[in-house]
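First chain A sits with chain B, and in the next complex the same chain sits with chain C.
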Partner chain A sequence: MSISLTEFEKDALTEIFNIGMGRAANSLSQMANDEITLAVPSLAVVTYEEAVSILTKTAGEKVCSVTQRLIGDFNADAILIFPENNSLSIVRLMVGDAYPGDLTEMEEEALTEIGNIILNACFGTLINIIGGDFDISLPSARTGACVHILEIEGNKSGEIVMLLYIDFILKNRTIYGHVAILLEGDSMPNFIRKIQEFLATL
Partner chain B sequence: MKVLIVDDSALSRMMIKSLILEKLPECETIEAASGDEALGIDIEQQPDLITIDINMPGMNSFDAAVQLHEKWPSAKMAVITANIQNSVRQKIQSLGIMFLAVVEKPVTEERMNKIIKAL
Partner chain C sequence: MNMADLVGPTELKVSLATNILKVMPVGLMVVDTEQVVLVWNQWMENASGIKEAQAVGKPFTSLFPDIQYGRLHSALLNALETGCPSILSNALNNGPLPLFYGTKNLMEQSIHIVPFKNHQGQRCALIQVMDVSSARKREDTIRKQARVLDDIQQQQNALLHSIPDIAWLKDLDGRYLAVNDKFSSVYGIDPADISGRKNSDIYPESMAEQHEITDRVVLETAAEKRYDESIVTSDGKTMWVETVKVPIMKGDQIIGIAGVSRDITERKASEERIHFLAHYDMLTELPNRFMLFEKLAKLLAVARVEETQVAVFFVDLDRFKYINDTLGHTAGDALLQMVAERLRECSREVDIIARVGGDEFVIALAGIKDHKDTAAIARKILAVVGRPYDIHGELVHVTPSLGISFYPKDGLDTAALIKNADRAMYQAKKAGRNGYEFFREGMDAITLDQFSLENSLRGALERDELELLYQSKIDLRTGDIVGAEAQLRWNHPKLGLIMPDRFISILEESGLIGPIGEWVIATACAQNRKWQDQGLPRISVAVNLSAIQLKQKHFVERLARVIEEAGLEASLLDLEITESVIMHNAESTITLLEELKSLGVKLSVDDFGTGYSSLSYLKRFPIDSLKIDQSFVRDLDSDTNDAAITATIIAIAKQLNLTVIAEGVETTEQLRFLHTNDCDEIQGFYFSKPLSADDFAEHLKHGIPKASFQAAVL
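So, the complex of A and B:
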């Protein structure tokens, strides 16, 4: 299975996801009532095993995540991942001033909504630009070890993962996160074909 | 007519160029991948229109817009950006430059028309 993207294809995908992140930042800034920087500085295509190793090193053993499934011209699980010890910080920064109660009680719900906004903006933008027909499932939040978060339905060994690095800057704090896109079975060649078809129209 | 496209993404530069040439086939385009690169272009190149992205690595894009305006005061300018937050729009307005338009990415035919009609 081909997992290679040309530099131009990588640039194109990074830009498309940055456009999506710009939309998400606009929505989230209205929630937080403050400016938010949400950017994808880089993107890598790696194997499942490499993704687990990279995420464990950068996000830590325990992470919090929000997952949505894309079904259509290619099938994929999109997972937003933050270090577990940052999840409450994100919720506090986003809604802290406006929420009178105990934030830990609504941490999962708030993270799910933040994930929903980010993932939908990213994949909505991708689909609008490259075309196609997809269903996006409802978001679900989970906390646990990276290896278990990525292993959504059974063993993913050998699958291809597109890893987006995210800078989330709010109130002078930078929180680094990731979006891992697990492309199922033969979805990677279909995904690359969709990107190439779009680029050929320019 | 000469257009300077300042954007770090090759994809966005290509999309902007393609839409400009569709509307203005005689137009000449120059590309720069950063504010620094744009400011390094020979002053004799004198663009009539400059499109600039807001989130680019390296030099701050707001500073780049101001310096490009100082370098080529007669060039009309437009912002094409994915960062459409109110705070960003306010910063753009506070630069003291009359922008033709602030357009959200991805640039589409309709959005490009907004810039071209304002020329």
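So, the complex of A and C:
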């Protein structure tokens, strides 16, 4: 069973997610009343351990996350991850500098919605394009160490993770975030098959 | 029977679901794939003012024509198209739907859009609206309260840190909650590290215990506790603090303890200084009169319980004024310091030594068994204090006089004991200085009546109130009467017979000693001559000389004239001089004694054993006999020390070829001891009390019956 994607498949997926990010950016820009661009510079398929190591390196020990669970043609946990110390910047990005209240009071609520928008954009686009039927859970936010955030359900040791690197870009500020898609058990072949089916229609 | 039997399972479920939707305390709407409203619950009716009947069947976006659906709409489309659920938070969406409570305020909303598929597989969406205004308000209130509490906490911390004293807060279990900067610096603990620590984590054991105890008191009494304590800082310094602990109350419940310790090291030091100034003599650093009374009272309390005796010594330096006047006050002060030091040498830890006046000291000794002990200590003090002092290179001789009183015999309180010791001391002075005296009843009267006694003494000679009594001296080998000691008595017209120890010092101080002393010698000499003229056995008559008499100008010449006038052979006159007088300025005494000796008189050292005789001087003195002090003789049969001293004196006298006489012999045992130890002569009540001249003539005439004498000594 192949657990890896060809370069072509990767390019296709990157493009799909780029479309999604475009939609998410559109939503976010409207809400923020400012131009926000999101980009997916790369996509990698790695093991769980590698994912933890990569995310820890780029996002730091402590991260904020928003998770939504997909159950359907394949099962996956989609997790948006960014450095904890960026979270307030992201919230400020959305509500604007003029917001009079205490940002920390609404931090979790706002982050959850932002994560929801980005994740919905990713999967909404993906589902729109490759088709499929999924039950998708409402988003939930968590803060903690990378290794615990990724450990959604039991031990994921050795499992395959698809990592998207996403840039949040606002004018002179660059905030990095990542989307990790943890494909559960035998979902990886199903996922690849769906990709291949789609590519075959092109 | 249950509901399912009445309406069938499917109907029941729908009915239940509809009713639940209606009454849920959140806004619930369901739209179909075309965004047409299927469900509009009661909550939505109330919040939007749009009735269910007006809403159901209409496109969702048509219900609120005045709003920008924006995000709400795209989220709804996303749900219907792709099945992605959305959350519209209140934070990022300012009231997406025009929902109100009351009439004015736009409701703060949190909207969940959850897609689902109906029985036909068509995607619908459940839109759930939650009013987060009240939740928000509650949270705001809590946050504001928290912030206020935070502010209060910060203010409290600021207040805590601004306190210059050591300050802390503890919970009920004795765990520290907060401490201030001063606390951290004193105990070397980081304030951030204090939380949860207990007394035993911070203080040395004894201090921790003290804190535990006082904490408990505060918790149990719910009252403030204030006390002084000494603490040890982290760098090992001892610090005095005044600590105040108060319970922290919440309503009528104690929830902790607050404490403050103020550094009172300096205050304590000055308090100690003041206490020292108030209780100690600055010059000698000995307790002063005030402290003496305090300490002696405690000593007496113990003695009362333990039924023991306490000896109180009153020590006064002889001729101190003279030293002060001739060598100056600086020398006088130096001398007093040295005397204090020597008194300390003489005493044990439990003893009290105090300076109560210029040259007056009081020593108190507890646990006294008998008076022999005390006499030994008195002699030790006389010896130690009597050693020469090197003051600025000059050797100064000073002797003390000691008066001793005993608790409980001579007084039950400090004042009485000190007063009586003082009186006994005066007695010792009168007895020739450099000696000690035990207090006896009657001493009181002397001091009290000294002035009137002096006045009446002035005319005593003219009024013929003075009389000489004679006490015989017996040769212990033969039983013969070999001498008589003349003793002065004063027959006071009102007070009756007064013994010399009560008026000799008055004679000396008033200068009356001159004429009266001379009268005594003249009378004794004349009397002896008279007895001889009567044909009675040839004996010597002894008279006592005082130090003052010896210092009188032309004393030797005048004495020679008196002897001559009496017509007595000089060798039949025996001059008794006390040991302390003779040893005082021994060098000059030798000259005087030699002059006296040249007259042909006999010389005796009286009260031998009480002063401190140098054997080398004894050898050089032209003396004929030693009279053993009666204090040794008195306890010969009960005190082995006294027996040993007496035997030694006898041996020394033999060695120096001196006649040795024992005074105060009253019992057969004493007599036998002295006989056995080869004492030459004895004097005392055993054979005869002091007698008038006429009675003595009779006594001399008959002598001691040989048979009874033999029986007594063998």
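Criterion: the second predicted complex is superposed on the first by the 196 of 202 C-alpha atoms of A that agree within 3 Å, B and C clash if a C-alpha of one lies under 4 Å from a C-alpha of the other, contacts with A are read in each partner's own complex, and residues count from 1 in each chain.
Operating definition for what follows: a residue touches a chain if its C-beta (ideal position, glycine included) is under 8 Å from a C-beta of that chain, and two chains touch if they have at least 3 such contacts.
It should be emphasised that the depicted structure is a prediction, and the values quoted were computed from it without experimental measurement.
Asks: Identify whether chain B and chain C fit side by side or clash on chain A in the overlaid structures.
Replies: Aligned through their shared chain, the two binders fit side by side on chain A.
Asks: Have a look at where A:8 lands relative to chain B and chain C in the superposition and call it first, second, both or neither.
Replies: First partner only.
Asks: Tell me which partner A:48 touches in the superposition: chain B (first), chain C (second), both or neither.
Replies: After superposition on chain A, A:48 lies in contact with neither partner.
Asks: Kindly classify A:82 by the partners it touches after superposition: chain B alone (first), chain C alone (second), both, or neither?
Replies: neither
Asks: Once both structures are overlaid on their shared chain, how near does any Cα of chain B get to a Cα of chain C? Whole angstrom is fine.
Replies: Superposed on chain A, the two chains' closest C-alpha atoms are separated by 13 Å.
Asks: Just which bits of chain A does chain B share with chain C as contact spots?
Replies: 128
Asks: For the complex, which residues does chain A have touching chain B?
Replies: 8, 11-12, 14-16, 18-23, 25-26, 29, 34-37, 39, 41, 125, 128-129, 199, 202
Asks: If you look only at chain C, which of its residues touch chain A in the complex?
Replies: The contact residues of chain C facing chain A are 70-71, 74-75, 78, 81-93, 110, 112, 114-115, 139, 143.
Asks: Write out the stretch or stretches of chain A touching chain C in their complex.
Replies: My answer: residues 27, 30-31, 68, 91, 94-95, 102, 105-106, 109-110, 112-114, 116-117, 119-120, 123-124, 127-128, 133-139.
Asks: Can you list the chain B residues touching chain A in their complex?
Replies: The touching residues are 9-12, 14-15, 18, 55, 57, 81-88, 104-106.
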